[in-house]
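Both complexes shown next keep chain A, but they swap its partner, so chain B is in the first and chain C is in the second.
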Partner chain A sequence: MNDTKKAVRLPEAGGMWDKAAPFALLAGALLATLGFILTFTTAPLVLGATVNGVELIGDQMVSNKLLLSQKIFYFHVPVAIASMLALAFTAYYGVRFLMTKEARFDTCAKTATETALVFIICTMVSGELWTRFEWGVWWTWEPRLTTYLILMLLVIAYFILRNAIDDPERRASYAAVFGIITFVDVPICFMITRMIPSSVHPVVFRTDSGMSPDMLVPFLICFFGMILIAFGLYRLRFRQARLAERVALIKEHLED
Partner chain B sequence: MNPVLTEIYSTVLQAAPYVIGAYALIFLVLFVYVFIIMRGLKKTEQQMAVLEELLAEAGGAHK
Partner chain C sequence: MHHYLTLLKKDLTQEFRTKEMLTSMGIYALLVLVVFGAALAQTASGFDILQMSGGLLWVLIVFTSLLGLNRSFAHEKENGCLEGVLLIPLDRSVIFLAKATSNLLFLFAVEVVTVPLFYFFFLTTTTPAASFWMIVAPLIVGTVGIAGIGTLLSTITINTRGRDVMLAVLFIPLVYPLLYACVSATTAAIIGSEGFMDVFAPALLLAGGYDIIMVLLSWVLYDFVISA
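Now for the complex of A and B:
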């Protein structure tokens, strides 16, 4: 039994990944900035409702309203995907904790969930502004919005649950199970636009998405930028959490 | 201005504050989180330095 426990490789701060984290954060920030610039320079405005007439704009005949509000999409979708990916790590480390009972995996899961919450806030904020402009309301019970709200509430509940339990092992076990349950909502949220088609949230990730290269390139740049930012933030927070754990351990020893 | 062009661009200016707001808030949330992490890291590193000093003193006293 002890041999099995020894064989478990624990994630640690200060290694190769932590050395790469500041560069990932910097590269992510640069990519996000580049994507932001391209979004407002090369990416064309999408077409809205038809107007009474036609005009030549650039080298194109335009007979529809041009929608600037769609530009929110270039950051909104990448931050949403980043939040979902972070929750996948919550579930992964939750499973690892339940298998090994190693507190380190609980630290990893907590850090991943915290990163997810940051990106969920970004998604909600940008989505709300889009909703407010396009529909004139702050909220509507649309399937994607509803499932994502549930996801946000589950993530908040995850931290409430953690704070409510004092015993570290029990807290870690409950949080691991709750983290896995939270992750169940991720594929539901992702697939809901396919299961219940809605005009509000189009299916973005499909082979015939209709995005021109002028739109796809800034979108992908923003996407990889946000993934790198999420990774950098996770590693930075994990480093801090590990250091805090070591401080607590030394304090305990000194008190003894 | 040409009425057709006015209609084509009719929502652009109205949408601008929402678009700017969305991007600004995303950047703000991320910057605030980085700031919180960096502040926490600095504080924890200071605590670690104090503890290391204490341990060194305790080690010296034992000798």
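Now for the complex of A and C:
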């Protein structure tokens, strides 16, 4: 690193964050597991949908049934939020890359998107299981589902785009631009259940009738667990990517 | 402004000389209509074409514009024209505006032909509502968005392997919210049932908002794409 570039602090592997990463991963896994256990032990069964916010499902009042399937919510929502957070980092590192043209930020953005893809797939799978059970269909063109599917397709397209470009600098610029545009779908996806009230998908984050404390505590534990897992995965992957880059650089030097 | 007009004029002159984009897009659109004819040939007689026509029309527009957008940078690349344009000392976003405008004009030109053709082939057997003419609004808003995002993405994909497929892979998911809003506005206008404005106006507003965000983003980010 020469002196003129000193102004930009580059994320590097091997610092204290990487030492913390395995512990974060472990703590996240423990927290999430604890949360799931609490989910099944302390959190009450949801009476119909009254606690969770949907009154009408397919023009039917669903309130006379204890929904055990609602337990998946403690996995589904934290994972979905984690995926959106990871995409926010993709966009952030994309902006940083375009400002500085430092390849390091491109590595960060790519790693963040990879993390996002893992969580997006988890969200999709858990969501599909739930819709099959609760709405009776594997898939429906409901706004939240659709926008999230689009998000998944955009993230997959991000990797297809990266694979189709050979020049590293050009690949980094295009990926950064595409990552920023992709991020536009994240707030749309997050807000869509509020914008289109007829949407069947439950609105979770509200101020009026949220969750009871019995539900909120396991949810928050799962939520922070997932965030820690996302962080741990990101750091481990980033470290691996950085080491690979450094090995490639050393090999290049040796060949010269 | 001066550069913008020059660049726009260059694109238009080139198109009028070769008629490459317009003819290929026009013929492609006609062929898609023929495919629609085959696809709908076996449907029952009581089948309500009005319900579907908004969606079909937008399928036609999206696929036709994909074809056109693929072409829009191909000849720039082939003839080394892009390098020439990049040598001019001017704000890169002007290139975006000029290119987006020319794409927009070509898309409009194709739509002026294809929408009446669509009407002729599929809607003469039924009677669309009196509000049919209002589909002009979603058509304009949707085409602006398609031209804006499409210009950015076709600049990206021109330098990638397998660029034709790549444009579709990037373009279709990105344009989806716009497509959704435009289809619902168009369908509302074609059916024109009681209180259709309750669907039409919010959908159009959504499409407009999406347009503004996407075109602004594309405009800002274009510099990084074209100089990469």
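Following the convention adopted for this analysis, the second predicted complex is superposed on the first by the 232 of 256 C-alpha atoms of A that agree within 3 Å, B and C clash if a C-alpha of one lies under 4 Å from a C-alpha of the other, contacts with A are read in each partner's own complex, and residues count from 1 in each chain.
By definition in this document, contacts are C-beta pairs under 8 Å (C-beta built on N, C-alpha and C of every residue); 3 or more make two chains touch, one makes a residue touch a chain.
Given the structure is predicted, the values throughout are model-derived calculations rather than measurements.
By the document's definition of touching, of the two partners only chain B reaches A:132; chain C does not. Legend: residue contacts after superposition of the two complexes on their common chain; A:34 is shown touching neither chain B nor chain C. Once the two complexes are overlaid on the shared chain, A:88 sits clear of chain B and of chain C alike.
Of the two partner chains placed around the shared chain by superposition, chain B is the only one that A:71 touches, whereas chain C remains out of contact. By the touch criterion defined above, A:164 lies against chain C but remains apart from chain B after alignment on the C-alpha atoms of chain A. In the superposed pair of complexes, A:217 makes contact with neither chain B nor chain C.
In the superposition on chain A, the chain among chain B and chain C reaching more residues of chain A is B. Contact with chain C, but none with chain B, is seen for A:146 once the two complexes are overlaid on the shared chain.
When the two structures are aligned on the shared chain, A:174 is found in touch with chain C, with no touch to chain B. Within the complex formed with chain A, the residues of chain C that make contact are 149, 152, 156, 159-162, 166, 169-170, 172-174, 176-177, 180, 213-214, 217-218, 221, 224-225, 228. Those residues of chain A lying in contact with chain B across their complex are 25, 36, 45, 48, 51-55, 57, 62, 64-69, 71-72, 75-76, 79, 118, 121-122, 125-126, 129-130, 132-133, 229, 233, 236-237, 239-240, 243-244, 246-247, 250-251, 254. Chain contact summary for the complex, chain A toward chain C: residues 98, 146-147, 150, 153-154, 157, 160-161, 164-166, 169-170, 173-174, 176-178, 180-182, 184-185, 188. Residues of chain B touching chain A in their complex: 2-5, 7-12, 14-16, 18-19, 21-23, 25-26, 29-30, 33-34, 37-38, 40-41, 44-45, 47-48, 51, 54-55, 58.
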